[in-house]
Amino acid sequence: MVNIAHLIPVFPFLAFWLNIAFGRRLGRGSAYVSVGASLISTVLAILVFMGLKPGGGSYELATWITIHDHPITLGIIVDSLTVMMLLVVTIVGTLIQIYSIGYMGGDIRFSRYFAYISLFMSSMLGLVLADNLLMLYIFWEGVGLCSCLLVAFWYEKPAAAAAGVKAFVTTRIGDTGLLIGILILLATGHSLRFADMGSLPGSEILMAVAALLIFLGAMGKSAQFPLHVWLPDAMEGPTSVSALIHAATMVAAGVYLVARSYVLFAMHPLALQTVAIIGAISAIMAASIACTANDIKKVLAYSTVSQLGLMMLALGAGGFTAGTFHLMTHAFFKALLFLGAGSVIHAVHTQDIRQMGGLIHKMKITGVTFIIGALALAGIMPLSGFWSKDEIFITLWQSGNPLLFGAAVLTSFLTAFYMARVIFLTFLGEPRTETHAHESPAVMTFPLVILAVFAAGLGFIGSPWCHGAFQNFLTGGEEAVHLNYGMIVFSTALSLSGIGLAYLLIVKGFKLPGSDCPCRNWFIRLVENKYYVDELYDVVFVQTFHKICEAMKRFDQLHIDGAVNGVSTIVAFCAQAVKRLQTGLVENYLLMQAGGVLALLLFILGKLCRIF
Amino acid sequence: MMNSLQFIKPELVLTAAGLMLLVCGVFGLRRKPLGLIALMAIVIGFFSLPMTLDSSSMVFSGMLTNDVFSFVMRALVLVATGLAVLMSIGYSWSDHDDAGEYYFFLLVAAISMMLTVSATNLLMIYLAIETLSIVSYVLACSFKKDLYSTEAGLKYFLFGALSTGIMLYGISLVYGLLGTLSLPAIGLKLAAGGIHEPTLVLAGLLVFAGFAFKASLVPFHMWVADVYEGAPWPVAAFFSIGPKAIGFALLARVFFGFPAFLTSGWEGIAVFLAIATMTIGNFSAFHQESVKRLLAFSSVAQAGYILAGLAAGVLGLKAAFFYIVIYTFMNMGAFACASFLSSERAPLESFKGMGRRAPGWALVFSIFLLSLAGLPPLAGFLAKFFVLVAVIDVKQYFLATAVVVNSVVAFFYYLKVIKVMYFEDSPDSQPIRIPVSGMIVLAICLSAVLLFGFWPQLIMNILALIFA
Amino acid sequence: MNEAVFYIIAFLVGAGALLSVTVRDIFHGAIWLALTLISIAFLYFYLDAGFLGVIQILVYVGGIMALFVFAIMLTAKIGDRSISQVNRQFWPGLLIAATLFVVLGKVVMDGPWMRLQAGSPVTDLKTIGTSLVTSYVVPFEFISLLLLAALVGAVVIGKVKK
Amino acid sequence: MPYLLTTIIFLPLLGALVVALIPGNCDKIIRMTAIAFNAAVLMVVGVLCLLFDRTSGSMQFTETHPWIPQAGIHYTVGVDGISLALVFLTALLGFLACLASNTIKSRIKEYFIVYQILMTGMLGTFLALDLVVFYIFWETVLIPMFFLIGIWGGPRREYAAWKFFFYTLAGSVVMLLAIIGIYFLSTPHTFNMLELAYSSPLLSRTLQAILFLMFFFAFAIKVPVFPFHTWLPDAHVEAPTPVSVILAGVLLKMGTYGLFRVCVPFFPEAVAMFAWSLGVLGAVNLIYGACAAFAQTDFKKLIAYSSVSHMGFVLLGLAAMNSTGFNGSILEMFNHGIITGAMFLLVGVVYERSHTREFSAFGGLASTMPRYAFFLTFMALASLGLPGLSGFVGEFLSLAGIFITFPKLAIISAIGLIAVVVLFLVMVKKVLWGKPKEGVVWSDMSMGEVAVIMPLLILVLIVGFYPDAILDFQKHTVDVLVKTL
Amino acid sequence: MIPLGHIVALSLFLFCVGVYGVLTQRNAIRFLISVELILNAANINLIAFNKYLGSPDGLGQVFALFVIGVAAAASVVGLILVIAVYRLRKSVNTDDFNTLKW
């Protein structure tokens, strides 16, 4: 059954073309096309999962192209990591598409939306299935494109359009690294297959550089510092898109890439360390920003950056299973959170949490599921987030690097704090503004419920109670996972203290940071302004680029074209001068003639005299 | 003697026709029949040319020679004159009588040119050139009540008189040095050696200057533009092909080719003059607002390319000859087109919108201009190409560069005319009618330009004969 | 004796030529030209070319000079002597002529003619006559065409239609 | 199939003659005739592709007829993998641009005559195997182009036409000198390109270098290579839409084709000597073109400069001096022809409606012209090298090739590629996104316009997904070429 | 006999005076006078060479004869042209004839 894996991306791809070509005629039907395709993919993914043999395998469909006399094949890899990702993508994707039927219900470009989503699904599934870097790169760009198109889906808003461009360009910068990494591997090892990554013939340093460059690609996609700036802006897109692409799947592709080429990283400590450090910085930085953000989607976006950082941190510290486990659980609860947020926005038509409050009374299902998701994110036992985070803590603790562990702890604490803050401000307390909020339709709440179930329960497959079924599935090993009570207590206490701090600050009247807090100081202002990274980039890169371009345009017109026109001017001038020789006076002509004879005479005699 | 008379049969035909024209003119025959008589004479002369081939190689005790070169050049001269006559028949003469005399002069010019190319004696050459010149002065002055035409005639005369004077002085020195004026004898004397070289060079240079005047090489070209502009179109067209071809034929025969007169040392001067001629010709044409002047300077520049061929060995001689043949047709075509499409002064504006007013003729004109510019696959390109091949073969890279740079510059003004014809609209949209004889001229020239462009063998085979 | 005759003639030729192109009055110039041409005729006599000398006097002095005088009378206003007869390029013209003289002179003087004092047989009239109808019959016939063309040309340009 | 190539070359010329014989006021008949002839050419080229032996790397369908044997000039034509792709491209774009010529409203007869002559010139250039014949066809292109830009062009058409003409002419006369030079340097003297490919590599390094530079100058102008590129924006912008398509799609390829047909086989040592410089020029082209394009406010000018940028890849692939790079380079030529051709068609679509090309006049077209938005976005993505579309394959192969030879250049170019991405995304943003302008009611693309661009879109997809569709044809030729290095 | 060189020097002088006259004189008739000087210079040469070098067919004299004839013809045409121009412009000064230029 494994050999049907390549069919998984095909159906969404067909759905894309159907919707693009006949979107207007299909009308609302296009949603069913996409959801249907997605469902088929889900079923196929499950079939593949069922038929998966231990250790997995790969097969080749065709040779795509030959580079340096080595064929790059259209290969499919099917192993546990792939299958995990397949399931996450198809299930979350299907649910979100169902949700979108309600969420995007009134949009004029309804079918176009589903077309893009289908294309995204197809690319994402292809990315997961690719057995070599080049194939992965192709789909990698595909998902990037869909991300861009969907972020800019409401392109009438200038902010959305700009965000779309920013998303694509920023990730593209990372992708350039990936591209160069691929070039290095091609030039030295002649193989891009993940299976061969452990045995590439290149020199140590070159391979480390290649690994780092690949990681650069992952950084762009997973919005890791310093390439994280696009993700918050990407929230301009529809919330369902944020849920699918910018929370659950695409942004996790970076983590997936690192996990997929983990052999390469594992061989080079430098690469692994870099992954960990970047992850740690991103995690803390994004978490701190999330604490001060007031836009519910922005909070979630920064939270995503932070959690992705955490995964990177885990991977970098050697926690292959920890990172991927968190990837999986995060996909579900973060999708849930976004969808919940979408439901809220749908109801109150604002994204500012300061204008919300007490929504749980009006939107019971949304509220409850959102809180489940938030708690899972905050890491409250026994929700899924707890288990994966716990795994990360253990890994970091075992890696013996106190700084990295400290970073994870701090992130975790901040996570609990800002999620609690969101819940207190949004769902609890009293409404701060007049709203006519109401519960969303069933087509939207149904996915919420399903996702909430996953968010709550999925952690168990990786818990000691299941004997670490997930870990063993992933690594193919038979190790049992033991309960580490100390860590459980520690992390629970950590989360609770974060929630407690939020309670103190918000419910008990301490002024929250971000409103008119008297205790504002430079640090809070720094955080509030997202560490001025955007401003810095604007000055250093964007404006410089504009200036360079303008300068080149001017150079082109003034100097290069000036030189060309200058030549013609010179010729024209000379021509004018020569023309003036023809004075019209015959005596001048005669003078020229006689002078010419004389000159020729002197010339030829001079030549002769040298002979004599 | 009969043999010799047989040789000058075409000339005799033309002479008889010329005298007849004078008489008929006096008796008031109209312009058109007169032209037809002249044309007929030329046609008869042309077809009697092959008969002259049977003659021995030297006729009139060595005054004239009967070689392939002279045969072909005589044919070319007849074709050129014939085209000019045809063009004159179709030309709309205003304020001009004396048609009989006009055609008489053309025929005399043809006779003198034919004698020039077959002459092997400097005395004969001098006489023939002088005759050609005198007739040319009168032809240039055809409109004797016209400010331009008379000025052209006088300028031509003043310039020509000095030139022939200088040439004559040179010939006299040659005589003093070598004691003979017969080219074969000169060749023998030179081969024997022992001649005071500076004097020889001096004498040669003075003769060269006289030939260069006919070939309109810089700095002996100053008359060209003024004379062409002042002279009637058919006369200007005739000047641009006939006497010029003669100039080159003489240069080739006396200085660069055949029975060698001062064979060595002329390449340096030729290279220098070629560069100067094409450059000054092109640059002067660059800004011209009158198409007639533009074509005049263009013909100067073309002379530069031909001279470049002469400067480049045997291969170059072939190329130059090829060029002259092609040039005769394409330049004649261009002049004819311009004359029929526009007025006597032919300002550039008068060609506006010609692409719509007379699409066919505008196209033909464009083809001639582009051929002059050297655009493949027209004949003009091949001509330039062969010249370039020859020049590069003798490793005159600077000259080669000058040729190509000049041909780029030249494209500008040729295209300028085409541009005006096609890009700009004219207020006047009246279609233009071209007389039948004009059409014949254009048809001949066009077919030659296309035929020689696609099938250059025609000339190549003749070349093989000449240089056998 | 012989030499002295030559130098006298040479002086006359040179001075006449110089004067003919330098005197202000064009009419006087023509007179000086006539003197020069006559002197040249004497030079021809001196060089044993009597026939040529006669022709020179007949054609030049008798024919061409008359033409000149007519032309001058027809065109020049006698009173405009005040206008300079020299154009704006006097100095360059003089320079070129002088340089030409120096250069040509140098070359010719270095040449083979300087010492040549030959006494070859005199060309008599019979030789000329024979040559004209044998070796040079083509030029001889051809020059008639030339003269005819020149004549017709002169008539065509000169005649004024009423 | 004797005379197959000759048929291809001269069929358009026959078309020109036929069009010339039709009375000038029968617009419709003239149009249909021209289209029919172009379709016929396309069909014959299709037959050629079918008959072409893909497993061979040598010249096929060669024909030789003596033309001027005295001067060693023979009419010799032939096709191999490198030229086949370009011939197909020419025939295809020629046909499509002919279809798109319904925007030409004035002087239709002259237009199609000139257009057909242009086709002959281009096809002949790609098929000629004798340097003189090659040169003749090369030059034949100039005058038709001069007319097409100068008569049917935009407001600054005259300037653009002049500039195009003289720039190219200046290059080609230098080439003429080099052609004659190589004739005399070869033993035996010959103009035959196949024979020269054997004899000229034996020349000394210095001679090779000189001749190479002379040829390169001509080709560099046509490509165009920085700093000889300034004719291109003017010419492209002023030319009418179908002509821009031909100009960008085919004419630029003449330069790069020349590099592959002449420079590489004739002067392998010189190419190796200058490989680094070529690579640097390629990188400069790539980045400079993209940056200069980015600063443009004129839609068409932007596309024009982006062509400069794309041609940088072709140079990079060439500088790689290995089969990967060559394959990439040649494929990039093909791709660029298709993509940029389509781009110019798309610019033409809005120009037809708005009669302006300033970005400030556009915006929000995605709302009012969804079909247009799809095509423009698609082609922009293909242009910026989105994997899965054809542009990527060529660029990637070029980069992979140059990476082996000059890794630094490859890295710089890869980074420069970001500028290309920014360029096209911002273009899409400016034109398609944002609020629709007040009072702008432009109809969406008509079915006719879609039909013209559709084949290009399909080709972009085919090549993107299955690059061997094109690579198969050229692979063996490239291998042969690489072996001679 | 005097050396041939002296005669040639005389002709040379005549030639240069002619050239000088041609170049510097503004009167067209004076131009013709100067041209006559040049032609006569050549004639002196021809006759002197004929005398000193000796030629069996008297080429020098024959040539000189032709030159005199040609000179006459040329003068006629030249003077007529001057008169034709004079009729239209009332001037024989060459610096007035610049209708045709550039």
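When the chains are written out, they are named A, B, C, D and E in that same order, and each has its own residue count from 1.
Convention: a contact is a pair of C-beta atoms (placed from the backbone, for glycine too) under 8 Å apart; a residue touches a chain by one contact, two chains touch by 3 or more.
As the structure is a prediction and not an experimental result, all values here were calculated from the model.
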item: Shortest walk length in steps over touching chains, chain D through to chain E; value: 2
item: Chains touching both chain A and chain C, listed by label; value: B, E
item: Closest chain to global C-alpha mean, per-chain Cα centroids; value: D
item: Farthest chain (mean CA position) relative to chain D; value: C
item: Relative to chain E, chain with the most remote C-alpha centre; value: A
item: Chain pair with more C-beta contacts, A-B versus A-E; value: A-B
item: Gap in Å, rounded to a whole number, between the CA centres of chain E and chain B; value: 26
item: Distance between chain centroids, defined by C-alpha means - chain C, chain E (Å); value: 6
item: Rounded Å distance between chain B and chain D, as computed from the means of their C-alpha atoms; value: 44
item: Geometric centre distance via CA averages, chain D-chain A, whole Å; value: 37
item: Contacts with 2+ other chains: residues of chain D; value: 166
item: Sites on chain B at which at least two other chains make contact; value: 123, 127, 130, 134, 137-138, 141, 144, 153-155, 158, 162, 166, 173, 176, 198, 202, 225-226
item: Numbers and ranges of chain A residues touching at least 2 other chains; value: 579, 582, 584, 586-588, 590-591, 594-595, 597, 601, 605
item: Contacting chain pairs - touch in the sense defined above; value: A-B, A-C, A-D, A-E, B-C, B-D, B-E, C-E
item: For the chain A and chain B complex, residues of the former touching the latter; value: 571-572, 574-576, 578-579, 581-582, 584, 586, 588-590, 592-597, 600-601, 603-605, 607-608
item: For the chain B and chain C complex, residues of the former touching the latter; value: 8, 15, 22, 60-64, 97-98, 101, 104-105, 108, 111-112, 115, 123-124, 127-128, 130-131, 134-135, 137-138, 141, 144, 153, 173, 176-177, 196, 198-199, 202
item: Residue ranges of chain E in contact with chain B within the complex; value: 4, 8, 11, 15, 18-19, 22, 28, 31-32, 35, 38-39, 41-43, 45-46, 48-49, 53, 55, 59-60, 62-63, 66-67, 70, 73-74, 77-78, 81-82, 84-85, 88-89, 94, 97, 99-102
item: Interface residues, chain A side, partner chain E - complex; value: 579-580, 582-587, 590-591, 594
item: Residues of chain A defined as touching chain D within the complex; value: 20, 63-69, 112, 134, 137-142, 145, 148-149, 152, 155-156, 158, 160-162, 164-165, 168-169, 172-173, 176, 179-180, 183-184, 186-187, 545-546, 548-550, 552-553, 556, 560-561, 563-564, 568
